[in-house]
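Got a structure for you, questions after.
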Amino acid sequence: MSATDSRSAGPHPAVALRVRNLRVGFGDASAADVVRGVSFELRAGECLAIVGDSGSGKSVTARSILGLAGTAARVSADELSLAGESVLGLSEAAWRRRRGRDVGLVLQDALASLDPLRPIIREIGDSLRLHTRLDQSERSRKVLEILAAAGLAQPELYAGRRSGELSGGQRQRALIAAALALDPPLLVADEPTTALDVTVQAQVLDLLEQVRARGTAIVLISHDLAVVSRIADRIAVIHEGRIIETGTTAEVLQNPRHAETRRMLAAVPVDRPRGSRLAPATAVREPVVAHPPARVPEHLAERVPVSVASRTPAAKPVAEPVIALEAIGLSKSFRGPHGTVHRAVDEVSFRLPRGSTLGIVGESGSGKTTTARLALALTAADTGEVRLLGEAWSTLPERDRRARRPLVGAVYQDVLGSFDPRLSVREILHHAVAATAGSSAGGGSAGRRAMAARVSALLDDVGLAESLLERRPTDLSGGQRQRVGIARALASTPQILICDEPVSALDVSVQAQVLDLLDELQRELKLSLLFISHDLGVIQHVSDTVAVMQNGRVVETGTAAEVFTAPTHPYTQALLAAVPRLH
Amino acid sequence: MSELEIQASATGRSAGRSPASAPGGFGSMRVSVVELAAVLVAMLLLTAAIAPRLLAPGDPLAIDPLAAFGAPSWDHWFGTDESGRDIYTRVVDGARDSLLIGLTATVIGLGLGAVLGTIAGTLGAAVDFTVNRFLEVLFAFPGLLLALLFILVFGPGPGSAIVAVGLSTAPGYARIIRAQLLRVRSSAFVEAATVQGLGRGRILARHILPNTLAPLFVLGTLGIGQAIVWAAALSYLGLGAQPPAAEWGAMLSAGRTYITSAWWMSFFPGLFIVITAVCATTLGRSIERRMRHA
Amino acid sequence: MLWAVATVTFFAVRLIPGDPAEAILGGPGSQTSPEALAAVRAEYGLDQPLLVQYLQQLGRLATGDLGRSYALNMDVGPLVLSQIGGTLVLAVLSLAVAWLIALVLATWSTGRGRLAARIGTGLEIVAAALPHFWLATTLIVVFSVWWGVLPPISTADARGLVLPVVTLAIPLAGFLGQVMRESLNTALESPFVLSARARGESDRGVLWRHALRHAALPAISLSGWAFGSLISGAVVVETIFARPGLGRTLLNAVTVRDVPVVVGVVMVVALAYILMTIVTDLASGLADPRPTEIGNGGLS
Amino acid sequence: MPQQASPVFPLNRTAFVKRDRRMPRPGIVPSRSTTLAALAGAAALGLALTGCTSAASSGGSDEPTSGGTLTYASGDAEPTCLDPHVGGNYPQALVSSQFLESLVSLDADGAIIPWLADSWTVSPDGLSWEFTLKDGVTFTDGTPLDAAAVQANIAHLQDPETGSSTGYLALAKVTGTEAVSDSVVRLTLAQPDSALLESLAQPWLAIESPTALMRSQDENCAAPVGTGPFIVDSWVKQNAITLVRNEDYSSPPADAEHDGPAYLEEIVWRFIPDSASRYAALQAGEVDVIDNAQPDTISQAEASDTIVHLDAPRPGASNRIELNSGKAPFNDAAVREAFIRSANIDDAVASLFQGSAERSSSALSSVEPLGVSRPDLFDYDPDAAAKLLDGAGWAEKDSDGYRVKDGVRLTVVFPVSTNQSIPAEQSLFEQIQATAKETGFDVQLTKLDLSSWYTALGSNAYDAVSAPYTKIGPDVLRILFHSDGITPAPSGYFANHAQVNDPELDSLLTEANQVSTGSTNGGDADQRAALYEDAQDLILEGFYILPLYDQQNHFLLGTAVEGARALPTVSTPAFYDAWLNR
């Protein structure tokens, strides 16, 4: 590998990539540019992280480095050079000769980024086929070497498989291997670890670290400062198409100069105590996120008489049960493809005390989501039961359970899919209120006024402007959608909120706002939260108690403090070790 | 994810996609020239169907044997047929019958398909199984044969042709509707409604059916074109509209005999069948695109 | 399944007004004598109650005997066998040509800008709207009458196949092409295509190595349906181009109420359709080896 | 219209001769030398007219040359059985004329001439007929043609198992057969039958090998064995019948042009139901002869120099619209006449048939020597029609312009068979519909397939109908207009669509049929002609039918085809004398 020695050649290794005043726009010339003058440079063996929120222009920047911004893109720059050679205005044919050989690209979703119909050996072999004169058998041999180098154990076993037949980690390794097949001096990695489990994420970051150590220059694109801080030498923060801050990783993390950078740093939930704000009130563009601290439920009750009645717990005003939700020995199996039986949830028990948050954490396939569905009584458990406020819940027939459903709200990961696509925000909330208020809201103009008041109260609760009422969810941003989802869950004035990965599809900074919102609502409305996530940082931040799941079982429970400071189970320890932190 | 959105939207739409810049709904997409043309053609066809005399003041049935087989000319834009009738007038006049046949047949097919599909999708596994087998059987019949059999049982005529085309398109619709229903039924928003405590019936009425049946409009628009072609095929086989009605399929059928000597007799009715079908398809597709992006 | 087809067909055809015995005696045009009619009724069991006839027919079908044609003075089995070849050749060739046209059109017009895509889509929509009988006539006029390059009827050599195949293929290509284009565009926008480009793959390479395969999937599963529609089309095309085949047999049989032939042809067509569905399922499986259901998804 | 009941030349043939000078003509020229001269003239004329070199260079010979394959494209339905004894319809006659032969034939003047029978005699009472067979004729399977063979054929036709309809009815009066000697066969009749020879001349009563008739019906249907100039070689259903030359042929009819085997080596008999395809195939040279040529292609052919037109109207009835006198409104003769007077046929025929069909005003085909034409009865005269209707009580008109009586609209239900009426004829009906509307008739046309059409007739659900009927000789009148024909056969079929029920007519027709004649000449023949003339006057003056034109039967031939003609019997094409000049 030729690049290996270039790094050790001297204190100033060769410049691998130089970008000066890159501007990229789409559509009409009148439309605002997405990238508005980005400049940076990168030397061999160096890793530059470009960090920014959705829409900040970071991916477009990454793609422009490979000339892949798309046919509709207008790309201009004062300089764009790879290893000192300008690539501005290269013909498509010339670009093709460089791609894969001079620069490689790794995308986020390996499942979709590798052709699902072709075995990975062919996918990786394509780079060799395109840029070398190796014959078929030589290519196969080389691919196995590359896969091995990418850390894939037993490459000969997996090389013939398609991306869908590999695990997430194997897949991502294969994707990186494909980009590195010709050992290009520059690698562009666009969110390479997003949506991966923490342990896999750590492995992938380790792999990238090795690649960098071999002398490859890496441009790492991410929205998560914690992730990049692990391997980046320097960080460039991009915001609205401009790089607002660049510096070594240490400089940026410790002395952020720009407010946006500070905001992004603050949004990282890891090691942030329960209840502390992740998003500054001023940094949130939504109009009413900042609640007046004095606000209490009674304040709402004054404005909306209807909700007073429904907000008051229906039963047991005096001796309220201490446990909001309790799972006792839950098990659930699914039939697999070849008659195999897969035990998704295995003897799971937990307790959610009233007004507190129970975080369930685990990697994909650990049974978290099935647990959530069991808790919502959407599927029946094979054995065990879920009790709600000390009374039967999962064992009831659905008809009887229906009356108690308003007590439990749910917030979903795929919030867009959980909305009826025909409905506007107003209709979604109307339906939600009507579903529980049912008869009490009644008809007539009084009912309509009460309904309108309730809907605006809900919007107020989640910090959304009324101007969004007529929108459809597809026209909202990810954060706004999740707020609408929360408002819908609150419509029935539930006592318990079950949140299944509510923030995992969101950027860190938006995630911070949603987490803050949930925290506030919990305190204001005395909600009990069952919070499910694969992200230990999030769980650590939101939970009072934590249950760690692996392969359908709860392997460790305890208070957040116990679990995160003194984990007893080796799996928990491994998870914690893998959590990206701000270094 | 959102980065990919930009990639996807790189073809023309605003890449920023900030909420404020997307007013949403139909207005957000530009109307293309093709769509405009389709709307215009559709309006002309509707005018022809509702008030044919506006576009062609003549009598579509007026014969003039001495002017038979006239090539297109200033007096007769589309020429004359074997009885000296003006083909332009007849084509305009035929719009009503042809559109009516296409429309009614599609409505019947869709309606039947919707009922079958809904029954299959809602009344449990046993019914689903039965209906599904039934649909498979119907599907194994070539559509034209189904129509032929129907017409032979109930006799030829426009009514039969309409029902026959409707019948033979119904299995296709039913399958689409059933699949859509199953998809909607297992969708996250139906689950969300369950969590809200809605009963099965209300979920069905409020969420599942509307979302299943909403695409029917588009499906129908796309289907009208085919229905018209099918009905024309039946007329061509002499099983559709009866003389002297100026239905396009029947005109085409009559004109086919004279194809080597008077091409205009079959060309223009055929052209209008194709234009109508293309127009319906274009409109259907554009509505679908808009609904998807709305 | 076949039983259901047989039942539906039997009763549908028997509902048709008219006397099959007359059909047996060479159609109503001939001036039948009552004696002959009676003889024929007895010979074919038409004097039996309908239910008995139905059961008899089912019994025969179960033993693979398709019965005897009323009108053609021969057994249905050999008749169908003698006619199926022509239709199969026509259908298979048309399917192949339709695929070819759709592929060429889709690949030509993709990635060449909006105008090419518009033209491609437009051509597909128009093609899908073309009625077979109109297309056939137009082709005959142009290629046989005006230019005299292709025969308007079936011939011993392959030239006679060109026009009928093209007639059937063009509308089908319109449908296949629309589906193919849709999935081609989806595939071209997917991340794996971006990955491939990032490896230095050319437009052509992306198309042939990646996108086309994805584009072909829905079109393959559509081929079962397409086969059925080709049989419908064969009814018209075989008549116009004077080709021997099941379509023409069927049309003739339906018009003279030759129940055994109608049932026989429909059975064979249904069987062919079922086989075709199996073939397309296999082909889809070959083209897309991914497990169809949840399988190794999130749970493993 | 000069057409009268003259026994000479039917007008159409005259017209045809004028139009198609270059054509080999359907059996009008008695001697070979004249024909050859005519052929030579035709070739010369073709050259002179067109200057086309292909005709000259591609052969250019006036002498018939042997060999080659002729491809014939039929627009008629494909027969289900090639043995015309079984059933007996026109498509069978078309193809079986190539390989089967009858006892007698007709010459161009409609006179009976010998074929397989050299001569015949009839007893004075008309009940016994003796036919002397031609010597040395063998069937193509080697079986000799003898009296026993004829006996076997008549037995075959009369056997209900055979399922014969046309032949069966034609032999209705034959009660017995007897082999007088090897070469003389005697038929015994129950009553005299003046139409017997005409019946025997029909291809549906052709003589087949008795050995072959012993085979199963399936085998016999697939390849009947006769004495004809060609032999059925193979039959691929829905595609083609291949006929090969009979090298031992020895029995041409008396009006044939040569002796010995046919010139053509092979005939490929194809079925092309679509008329446009059929004509296109002829134009493209894929086929040599087509039948059922449509009027527009005929006029195109007339204008072209590569296609020759052969017009051979079928015998029997003319094409006519029959008015159902069995029920209202046409049970009133005045209404029938009003309808006839309100229909503008002449203009329609002129525009639709473009000169290929002549207006008829006879119940019989113009090739029938005994046909009576009454042009005066069938003029277009809407004023007269209106007066007739006024007089018949249909004086009022409703808002749509249709006549009404007692609140009932003057409606004429007119089912049209798409199988039996060519498109031009269907258009003609539409024009009648349009012109009759002006007088106040609401003509309701319904296009039906054959089965539905027969059903409509069988259930008496029609007021007007048009059905062709082919039969040699005026006896067809008895079938179409005798009141016996009103009663449907068990199949629901009946021939008297006009539902004429006139005892006077019945007795005329019966009597004419039983005139004892051995030939169509002499005193008996005159008596027969007179009876039929009276009968036709009754039919025409009763306004039961609206005659249109002869049963159209047009063939188009590629220029390479020489010497083809239509047999004067039922106008089926004959290729015995045909040869290919290419």
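Note that the chains take the letters A, B, C and D in the order they are written out, and that residue 1 is the start of every chain.
To be clear about the criterion, a residue touches a chain if its C-beta (ideal position, glycine included) is under 8 Å from a C-beta of that chain, and two chains touch if they have at least 3 such contacts.
If you're wondering where the values come from, they're calculated on a predicted model, not measured in any experiment.
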item: Higher-contact pair (C-beta pairs counted), C-D versus A-C; value: C-D
item: Most widely separated chain from subunit C, with each centre as the mean of CA atoms; value: A
item: Where subunit C and subunit D are represented by their mean Cα positions, the distance between them in whole Å; value: 39
item: Subunit B and subunit D: spacing of chain centres that average the CA atoms, whole Å; value: 47
item: Intercentroid distance (Cα basis), subunit B paired with subunit A, Å; value: 44
item: Two or more partner chains touched - positions in subunit C; value: 16, 137, 140-141, 145, 191, 194, 255, 257
item: Subunit D, residues touching no fewer than two other chains; value: 276, 280, 283, 449, 451-452
item: For subunit B, residues contacting two or more additional chains; value: 4, 7, 152, 256, 259-260
item: Sites on subunit A touched by subunit C in the complex; value: 63, 66, 68, 71, 92-93, 96-101, 103-105, 107-109, 112-118, 123, 126-127, 130-131, 162, 164-165, 167, 175, 178-179, 181, 334, 336-337, 342, 344, 364-365, 369
item: Touch list for subunit D against partner subunit C, complex; value: 73, 77-81, 86-90, 92, 160-166, 168-169, 217-218, 221, 236-239, 270-274, 276-278, 280-281, 283-287, 419-420, 449-452, 454-455, 489-493, 495
item: Residue ranges of subunit C in contact with subunit A within the complex; value: 113, 190-192, 194-203, 205, 209-210, 213-214, 287-291, 293-296, 298-300
item: Subunit C to subunit D touching residues, read off their complex; value: 16-19, 21-40, 71-74, 79, 82-83, 137, 140-141, 144-145, 148, 150-155, 238-245, 248-249, 252, 255-257
item: Subunit A to subunit B touching residues, read off their complex; value: 26-27, 31-32, 34, 54-55, 58-60, 63, 69-70, 72-73, 108, 190-191, 376, 378, 402-406, 408-410, 412, 414, 417-422, 431-432, 435-436, 468, 471-472, 474-478, 480, 488, 491-492, 505, 507
